[in-house]
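The following blocks contain the structures, represented as structure tokens.
Same chain, two partners: chain A is paired with chain B first, then with chain C.
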Partner chain A sequence: MKNWPWAILAPAFIFVLIGIFSPWLMTHDPAAQDYAALLEGPGWAHWLGTDYLGRDMFSRIIGGARTSLVAMVFVLVAALAIGVVIGSFAGYVGGKTELVLISVIDIALALPSLVIALALMGVFSGANFDWMSDYWKMIVALTMAWWANYARMSRAVVVAELQQPYIEAARVMGASHIWIFTRHILPHVLGLVVVYASADAGALVLAIATLSFLGLGVAPPTPEWGQMLVDGMSYIEENAALVIIPGLALTAVVVSFNLLGEAFALQKVPRAVRGRLLSRKKAARAAEEVARKVVEA
Partner chain B sequence: MLKLDRRSFLATTAGLSFLSVLPRVAFANGHADTLRVAISGETGDLDLLQNVSTLSSYSAVFDALIHYGPGGTLEPGLATAWTVAEDGLSISFDLREGVSFSDGTPFDATAAEWNLKRWMGVADFSWIGIADAYESIVIDAPNKITLKLKRPVPAALLELTIVRPVRFLSPSAAAGQPIGTGPWIVESYSSTETVLVRNDAYWGEKPTFARLELKVVPDELARANALRAGELDVIGGDWVAALSPRRAQALASEGMTIVAEPGTATTILGFSPNSPMMQDKAVRDAIFLGIDRTAVATVLFEGFADPTVDIFPATVPTAGSRTPVPARDIAAAQAALTAGGWAGDASGWTKDGATLEIAFLVSEESFPGSRRIAEMIQGMLMEVGVKTNIETVDNATMHDRRPKFDYDLTFFGTYGAPYDPHGSLGASFVTASDTGPDGKIYVHPDLDVLVATALETGGDAREGAMQAVYDWLRDNTAACPLVVTQRLWAVHPRVAGFTLPATDYDLPFKGITLG
Partner chain C sequence: MTDTPQTDGPMTDAIDARGLKVHFQTAAGLVRAVDGVDLTVRRGAFHGIVGESGCGKTTLARALIGLQSATVGQVSIFGRDRADWAKADRKGFARAVQFIFQDPLGSMSRRQTVGQTLEEPLQIHGIGDNKARRARVQELLDLVALPETVLDRLPRSLSGGQRQRVSIARALALSPQLLICDEPLSALDVSVRAQIVNLFARLQAQLGLTIVIVAHDLAIVREVCSSVTVMYLGRVAEEGEAKAVFSDPAHPYSQALLSAVPSPNPVTEATRPRILLAGDPPSPRNPPPGCRFSSRCPVVEPRCREAEPVLRPVAHGGAAACHLADADAHAMI
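This part shows the complex of A and B:
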């Protein structure tokens, strides 16, 4: 990990820290309007200036980080849980059940996640879903748009692991399905899927901002970067900072999370897994060698 | 090898500089007699029976019997005089003589009858009172007709000033041919622009320039930049190519002329009559008192809007007496809630176990800029203790939910001149009216009776009957008028004498000269 690009990864960690500690970092109420301080530039009273309703930009950026972080964590956890359960079940059970589930997953993967999320937000805007706030509608829509990737991946890992001799050995010894799945297969599934999810975090932050940009995400007065961007667009000629500041924050976090995922993918394959894989490969080669010698003899 | 001394270099540079100016000179000369006006959508073939374009495009080509003048005065158009019978059941028109459509077809009683029968008595146009009450047309003379009605329509003459489908098309025109008697003749139209040339046979004040180009520029910033670059001469008009107040301020500081005049349409906050929360007058009163209309007009409309608590502005005929705009009063808003049985303070209110929390339905597609106004109102009501949840929805959802009154609060606008006050009253405040996806501002059985009376009352009693409606709406806090947005246009310095027509459904050209 010493070779990791820490400088580039810093925004992701700062984003997480700001998201967690934002209530203590905000200098103003991000929803408080001050008509005497409209569109002010950076200064002591407002470090990053104010927006068109006189709201403090610094506090709104900090608040926006929390909004995005919380939504991102909810979506990732829910999408991971759904994806891992469905994908693993499909891979483990096999047969027609697997065929049906994998078809559903393929259909879900055939469309871009954001398109699915947009369609679902359209469905949720109906009167039947009034009981859900816009924020939760967004989380549910993104979760339903995001789970399929993890399901596909989980199923592939489960199918591969089921071919391993130690699974057969466990079965012969009378281990239950639940024991085999939770003790032997799930750790492999999570090891891979969680790494992939870390790279997905940036895409999710962007998707959250995109939905808000389109007016389908977080409801006012909750600060959100995508919404700040679209609101600032009307004032881009007079005060470009209203667009540049949330735009920069969003760019830094998305790039940073993408690099984090890439770094994980390149270097952070867990050592224990790597060791077991190597010993398995060595054992397989040794067995092949023995078999070859037996044949030659 | 090419040798370049100082003299050659300077001569070449001067030559290239001169050449670079030529296209601009040629461009300017090519448009010296052309007014280039931005429109937000293409005009199409200007079919008067279909909704294919903005109304202002039609009005450049097609004329009306009566024109809508400043303040709702009625001015002669294709009719030079008219007489309404005492019982209101017939209207006689003296048609202007010597007028022809641009294809040479004479405009006479036969042409007028052919046009009027295209929409009068037709179910699709029953939203126009005079079309719904139509009985027959009688040709009294080659240039005189009488329109007979089944019942009196006090707003009949105002209705004859509207654009679509009322204006006159040449009976000889083939399908898709926009041929009228108006000041302009369509030379060509495409998805990017419509070119019109002056109708030299026009009976009225002729344009001083020969061509009018309507350029399709859907994006407001692109329109502003085109004006700056001299590629457009005029942008603006709510129904032509809307210009935002902030953009107007920016253009004013860059030397463009901004023309702002009092508007004719009111932006109104509507209370759902079906919402249990909004049925409580105390809640409606608290919202009415808790909003700072002057701040809305100043902060979001840059002063290009006038705060109001009246349903119609004074620019509309029979708009009723003026009510002074009250200052925002948080204490009075909270007192109204307390008097209504609510308990609480700025942190929130409850009554019979229910928390005061209202859903504010907003669609940027339906009403651009509405989310910012909603956010501002949300902040103001928060200080009263009224929790407001803004629901941002798309146009389709808004069109689905608004007719069902499936909201607590949402934005509405009155139609503006020449449709008001009869148009908005008859559509937006009557239970039985069919307004389709637009929904209604407020309905109530008592209001139905008052509106029906007002719309059927003519003559001197009309004003009093209208005032009774306005009084009922105000006394019951049935709606919450906010501002009247001003009519806003930006004009390039090469355009002189720019004056606005009486409504934004007409294209400006009178008095304009091009530099």
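This part shows the complex of A and C:
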């Protein structure tokens, strides 16, 4: 990260800003169809052109940013809350409770999160779940697929902190379990988990787009990047921008969030965890080093 | 088991432990860290617990305050059963008894400033409002002679002596009557040790505390303690008034231990007799039969290897667990 310009983080911030202020930024109604202007290239009337129904691409990209941002925030907050509660409880209580909860966490971690989300979307498609809109189904499914990582991390931090002598010191001072947890352990848990979440946000945006791409996420009138990709694919020969623009937006946001997480990690995360997050990068750097030495020799 | 009165009267001892055993189950076998200790500490005493590494003195101190649960035995503090008291009134117990850890840095949250660390016990116990708490923190700083400038610093940016002062100040925040200190000096430089020892002595005189201090630095124990317990391999070897024990140790182990204390006078230091014990202390997993010290004792007799001696009164007014020591005479090595 040290060698990267800070500007690389801009897409993440721009994404958040656009998501928040999207109603004021859109030039057209993203759902309005204009049959007089189908599959137009970028121009003055439609800055980024139009899709096969004549909808304004610029407005749809901006609207899609809000869709992704809102869904991402919902899922992250819910997954983080569930994960921290379950993981911390397991770590603090210990014993058989911990064993059972760890098993659940491990099972959830063993399956790829997208597979869990897809399976849940399948379950939710049954008639019993008609009361939920597709949007909320997606959010619940992704939350259930995402919490385990946070639970695992929370538990690890809690177990490590509980062994610190200062916890014993707090006990000697007469502190209650609630005091010890909220005052001494929770800040450590949140410190790590929030950093991880900042890197995770990109993966989540991608997962949301993936579900929509597969036709399982956000329902059609709402603008969404994954859906725009799938719609655009059929017309890629007439107007390649329909695929390139949402694709670029998605890539920029994912990369940018990953780098944001790394930037946090370098400054905040304990060295052991930091090492794991960066191990690939370190390995690459070490390889470079070796290569340079070989060349010099 | 003695019949301890369940009152908090002024006549009860500060600590009264009976038949205390702490055993650990490890992969290599049962470790008898503390193996049947009776300990009495009078109110207002400055009591030292000494012995070499691994003799169970830290485990004993932790068991006294309940950081380590005892396998067998009972601890009464100010006449109340410790376990019952801590269970029924956790905060009340904390206000009466405090503990100082060997590692001051580890015993403080690395995220909290000194000010927050000192304020925490007051917050836990809901003592005073913000202003009153700040005043109390100021008082504590004065008590341990720290400048106000340390308040906003993190523990790791303090010197070793300052850290120990902060941890002492924190223990004093709740105005306890009994302070148990687990090797509070061993992490400190010799020059700082003297300061902290003087601080303990001053605090005791000022606040009328009962202090129990675990140490392996005998010179310091001799300097400040009023009574002393010498431990060997999980048991009490000798106990009594500090002056008496140090001037006329009855147990061969105490004699050997004391002969290792250097004298500040170079002439005596050069000529003083020294007793060198052979070998390491035996493992607490597998103590020798009979007297635990028999495997290293220079004056060992056959009966020492058969029967384990019990504590009995000796000439200096205390007690020793040695077959060769009784009220009239004791072995000299």
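Following the convention adopted for this analysis, the second predicted complex is superposed on the first by the 263 of 297 C-alpha atoms of A that agree within 3 Å, B and C clash if a C-alpha of one lies under 4 Å from a C-alpha of the other, contacts with A are read in each partner's own complex, and residues count from 1 in each chain.
FYI, a residue touches a chain if its C-beta (ideal position, glycine included) is under 8 Å from a C-beta of that chain, and two chains touch if they have at least 3 such contacts.
These figures come from a predicted structure and were not determined experimentally.
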If chain A is used to align the two complexes, do chain B and chain C fit next to each other or clash? fit
Is A:Ala37 in contact with chain B, with chain C, with both, or with neither (first, second, both, neither)? neither
Just to be sure I read the superposition right, which of the two partners does A:Ala156 touch: chain B = first, chain C = second, or both, or neither? neither
Which of chain B and chain C A:Gly215 touches, first, second, both or neither: first
More chain A residues in contact - chain B or chain C: B
Just checking: does A:Gln164 make contact with chain B only, chain C only, both, or neither of them? Give me first, second, both or neither. second
After lining up the shared chain so the two structures overlap, which partner does A:Val104 touch, if you call chain B first and chain C second: first, second, both or neither? neither
Looking at the overlay, does A:Pro187 come into contact with chain B only (first), chain C only (second), both, or neither? second
Between chain B and chain C, report the minimum C-alpha distance in the superposition, expressed in whole angstrom. 50
Which part of chain C faces chain A closely enough to touch in the complex? 65, 67, 90-91, 93-95, 98-99, 101, 103, 106-111, 120-121, 124-125, 167, 170, 174
Please give the residue numbers of chain A that touch chain B in the complex, ascending. 31-33, 35, 38, 52-53, 122, 125-127, 130, 133-134, 215-216, 219-221, 231, 234-238
Once bound in the complex, which stretches of chain A touch chain C? 164-166, 168-176, 179, 183-184, 187-188
Residue numbers of chain B touching chain A in their complex, please. 221, 244, 246-247, 250, 295, 298-300, 359, 364, 369, 371-372, 374-376, 378-379, 382, 389-394, 396-397, 400-401, 404, 406
